[in-house]
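Chain naming follows the written order as A, B, C and D, and within any one chain the residues start at number 1.
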Amino acid sequence: MMPDNLISALFPHGHTLSAGAENTLSGQARSGGRDVEVLGITNSTPLGPETAIILAGHVLKIVKSDNKTPIIFLIDTASQRMTRRDEMLGLNEYLAHLAKSIILAGMAGHRTISVLYGTAAAGAFIATALSTQTMIAVDGAHPSVMDLASIARVTKLPLDVLTEKAKKTPVFAPGVEPLAATGAVSEIWKLSDGLCAERLSRLLADNQSMNNDNRDVLGAGRGGRTMAADVAQRVEKAFVQASDLKKAG
Amino acid sequence: MIPENVMNQPSWYESSARARIEGLLDAGSFKEILGPQDHVMSPHLALFDLPPAFDDGMIIGRGLIDGRPVAIAAQEGQFMGGTFAEVSGAKLVGLLRAVARNAGTPQEVSTVFLLLDTGGVRLQEANAGEMAVSETIHAILDVRHAGVPVVALIGGRAGAFGGGGLVTACCSHIIISEQGRISVSGPEVIETNKGVEEFDSRDRALVWRVTGGRSRVLLGGADSYVKGDIGSFRKAAEVINNNAPPLSLETLEREQGRLEHRLKAYGNCHDTPEIWVIAGLSTPAGIADLTEDDFIDLLVKEGVRHDAR
Amino acid sequence: MEKFTIYTQAKSSLGGKRSDTLTGVVASGNLEILFERKGEPLAVIVEVMTASHGYQHVWEAVIKDFVARVSPGGMYISIHDNGARPDTVLLRLMQGARLMEARS
Amino acid sequence: MTDWTKQKAERARRVAAVTSLVSGKVVEPENVTSLLERIICSGDRVCLEGDNQKQADFLAESLTRVDPAQVHDLHIVQSGLVLSEHIDLFRLGIARKLDFSYSGPQSGAIARALDQGKIELGAIHTYIELFARYFVDLTPHVSLIAAVSADRNGNLYTGPNTEDTPTIVEATAYKNGIVIAQVNKIVDEVPRTDIPGDQVDFIVEAPRPFYVEPLFTRDPAAVTETQILMAMIALKGIYAEYRPRRLNHGIGFATAAIELLLPTYGKQLGLQGEVATHWALNPHPTLIPAIESGWVQQIHCFGSEVGMDHYMSARSDVYFIGHDGTLRSNRLLCQNAGLYACDMFIGSTLQIDLAGNSSTVTPDRIAGFGGAPNMGADAHGRRHISDAWLKAGREAAGNNGPLVRGRKLVVQMAETFGEGMKPAFVEELDSIVLARKLGMPLAPVMIFGDDVTHIVTEEGVANLLLCRNADEIEQAIRGVAGYTPVGLARDRVKVEALRQRGVIRRPEDLGIDILQANRNLLAARSVRDLVTWSDGLYAPPSKFRNW
């Protein structure tokens, strides 16, 4: 099913989006007076090799056209598909290929933005929404790594204890707010306020140093990841010093 | 008389992350960054009453292989399953960013080696771990974009699961041993979610047929296959040079073609021997039972090469 | 997590030049021990963080035997324990001391 | 006039009652439950073959389906009670009384059933003891057995897992009992006749092959440094001292470590050809490196082991192999060999008290004994000598004492702390607590202290032969009990005195550097290595693979 509400909120000035095979969508739209490419996953589809390879194919075709058109990803996936067959075929390669294609598009000068309007979890989340330069959460977005019940099973902690802990420490809690705190989500939009199209065109206009992954800095500022940015920076400094040490020794 | 093929060098599978680094690099050349004495540890494990590790299970630094400067990162699979977490992830991300930033400077390295041994994201700090995986992938691609190959070495107890499977497939080149496993969802996870009929995680021969080193290298999920001793990993690491594929549109288009073909050719198979039948291998049901030497001969004969990655 | 520090004295300083070493891994039933050469030459300070509660007297007995066997004066020893048994603790301590005694 | 053939007549009556259900000796699987209802009468003693490994599982399942109103109060007499169906018989009221040896996975269920009064327990036997009673007062009326194949005359091929079958059939068939066999396949000709057809009344081709549990496979990858240290202590402190050539090993990891150290550390000690040449032993995969290195001359087996069949067939100089080319095992005979023909038993245990009594019973489990008590007992009937036996006997008698007889070396290995930091050394065995709770007149002690000659822990070896009184035994045990409460409560002066006398020997007393105890000493570090050692002949079950 096409996310018509979302599409009309983002692209009131027209689009040619249509549903494709394997619960994908694709087409072009207008935003802020320019053409954008739009790709998506619908129906909370668990991400398997078929869906991933179709989307990656679209992305690579857009990159090949060499016109630097922005790409907007509308994401409603689930976790990666969990079957023996998919793993046997190398699901990790398919998901990584999709991630690489999206990141390559960014490197090649395409502004990449994901709009999460449904669920996304674990490897599917990494391969899609988290591979774009900017991620937006709208109504219905529910990103997660794993649901609390599964975390409870793995950590062997009672669910209610875990739920209680999650309130105090959002570092493992599912949902938009905890993930926004880590820097994953840039902005949270409401479809009903009628401002989404405007916000999108503003984002598209701002393409300064978009290939600098600064989500850890964002996470530090928001208090959801207090150590990551600092540790990474310390390592970067020490890396240069370690090379000096080598020469000295 | 102990057979030579048993009484071998220290095994990669059994060794600690630190022992792997020692064995991989030129003797005494490892310079650790944020080592144990810096006490940079996970702030989150105390909430779960779990003991931290001085290095958070991620050992990073610089060193030499055959005199060439390299960057190296190793996950300790025995600590929290080698998981990606806030600190362990940030150490890796910082290292990769430093490599990308210093490419072309006197501080540059020729290659990055990732000794992955991971169950994926550390669930006790799931969001930070998920972000660490994503940031690692971005940083690996930046390193590759800067012209420095990133090589994954897979052969530890924990394998390369979850986000670790994605990270592996983002590298320029993958070296794997028989014991190595690469997958996204682990067999136990699939069994828990989909039932034992879908994936019997206790049938370990099946687990290895689906995720193990031999199947991965035959199917194209890994590039080099080595025996399980540290010395063999080092030998394979020595010969990696800058002809690893750059990250480019052409590379990804070739990968697109390779993965589309795989799906089309083998998409109806349910176990790897069915794939080997279609692929025309001579002992489709007996791949796992070949000796290491016979399997390596088979690879040479088949000329399996998957350089589009 | 239970945390405590054991202060004791050795008869002599531990030989060797290494400033620090790490032995063991925080795996189930295992522990990691960080040896650092710092502080008074005969003092032995052992900082323990352990997932098994209620065994401080056992730790003290193990450390006492270790100090009697090896005389690790001048060592600051930090331990992260994930339920290692006392024999494993003693083995790791001996391994760590042996590494510290190395010439470089 | 006395009728001296009542049993014979009764047997004939029962056999006649099932003529409509059988064709010759063959019964179809769907008719088995009806057949059992007519063959078995309430109150019968029934042996439902449950060996250490091989299980007559289809017959067990069929027996649980009989009508308890018709068949009840059975007296189950079998060595292994390991399937859930075995417990179901008691739960359903089909069986009431039980005499057995070993329960393994059902140990918790047996304890619960006992507690609920569902089982009336006769005794927990050792294997030989139960087999002996088959011929005295526990002779089965009906035995339900398992074999690999049968011909239409009932000749059975039991395959490598012959185990208990000949003993059960001997007792049943020659005392007017009825023998029913499930087989994996009915064939025209069996590869060899393990059980002659005239001792077998009925055969059924089971819908699936009988279940076999791989009980003796210890993954070298799981052998710890502590176990390696203990193995080194045992090799240097016991094997090198007494030079036992004929022996049995238990199935724990500590003895697996010894097996894996023979070709390395054992060779360094110059022990090859001097010790461990002849064995009464299950087919331990971890012994493959020692066999391949030429240490082992001969092994007789209690049963087989999953994956070892091809290897053993190809090593017929070492193993007992039939003319058909497959292993012949026999639990009774091998247990007897372990009791009388071995100089040493060495095995792991879970709990040892201050008198050296040991047990694997925990408060909520009745695991039974299996063979350890026979292997781990001095055979007072033994009359032949060996150097090891005489040396142990001399030590026990004291240098000046009269030599009454030799002693079997009975060595218990225990890591001072077990799973979950549970101390192996205790003031009182859990089995004694359990016996009190269940009102059992005899506590299930695995090996009695007066049979134990040595205790090996990671702290050292205690030689109880050299102890002259109960106090010395207690301090010798405390002296190797490490940091357990029992160990911490040692009398340090007395322990040091015992050490001076050589009663206690620590690694350093034996010239062992504990930092040598490392996994690179193992001749094989993985199951894959064992396969390589075996030249590809060993085919481990899937659950032990990582390739």
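Just so we're on the same page, a residue touches a chain if its C-beta (ideal position, glycine included) is under 8 Å from a C-beta of that chain, and two chains touch if they have at least 3 such contacts.
No experiment lies behind these values; they were computed from the predicted model shown.
*Asks:* Comparing chain centres built from Cα atoms against the global Cα centre, which chain wins on proximity?
*Replies:* Looking at where each chain's C-alpha mean falls, the closest to the middle is B.
*Asks:* Per the definition of touch at the top, where is the C-beta contact count highest among chain pairs?
*Replies:* A-B
*Asks:* With centres defined as the mean C-alpha position, give me the chain A-chain B separation in Å.
*Replies:* The computed centroid separation for chain A versus chain B comes out at 24 Å.
*Asks:* With chain centres defined as C-alpha means, what is the inter-centre distance between chain A and chain C in Å?
*Replies:* Chain centres of chain A and chain C, defined by C-alpha means, are spaced 46 Å apart.
*Asks:* Quick check: how many Å separate the C-alpha centres of chain B and chain C?
*Replies:* 33
*Asks:* Could you state the distance in Å from the CA-based centre of chain A to that of chain D?
*Replies:* 59
*Asks:* Which parts of chain D, given as residue numbers and ranges, touch two or more other chains?
*Replies:* Residues of chain D never touch two or more of the other chains.
*Asks:* Quick one: label the inter-chain contact graph as line, ring, star, complete or other.
*Replies:* Looks like something else, not a line, ring, star or complete graph.
*Asks:* Let me know each pair of chains that touch one another.
*Replies:* Every pair of chains meeting the touch criterion: A-B, B-C, B-D, C-D.
*Asks:* Which chain A residues qualify as touching chain B in the complex?
*Replies:* So the residues of chain A in touch with chain B come to 49-50, 53, 56-57, 60, 63-64, 79-80, 82-85, 87-97, 99-101, 103-104, 107-108, 122-123, 125-127, 130-131, 144-146, 151, 153-155, 157, 165, 168-173, 178-179, 181-184, 211, 213, 215-216, 219, 224-236, 238-240, 242-243, 245-246.
*Asks:* Could you list, by residue number, the parts of chain C that touch chain D in their complex?
*Replies:* By the definition above, chain C touches chain D via 52, 55, 57-58, 61-62, 83, 85-88, 91, 94-95, 98.
*Asks:* What residues on chain B touch chain C, complex-wise?
*Replies:* Going through chain B, the ones touching chain C are 16, 18, 35-37, 46, 49-55, 57, 76, 78-80.
*Asks:* Which bits of chain D are touching chain B when the two form their complex?
*Replies:* 221, 263-264, 289, 293, 519-520, 523-526, 528-529, 532-533, 536, 542-547
*Asks:* Within their complex, state which residues of chain B touch chain A.
*Replies:* Within the complex, chain B touches chain A at residues 29, 31, 33-34, 40, 43-44, 47-48, 60-62, 64, 69, 71, 86-87, 89-91, 93-95, 97-99, 101-102, 106-107, 121, 123-135, 137-139, 141-142, 145, 160, 162-163, 165-170, 182-185, 187, 189-190, 192-194, 198-199, 209-211, 215-216, 219-221, 247-249, 252-253, 255-256, 259-260, 262-263, 266-267, 269-272, 275.
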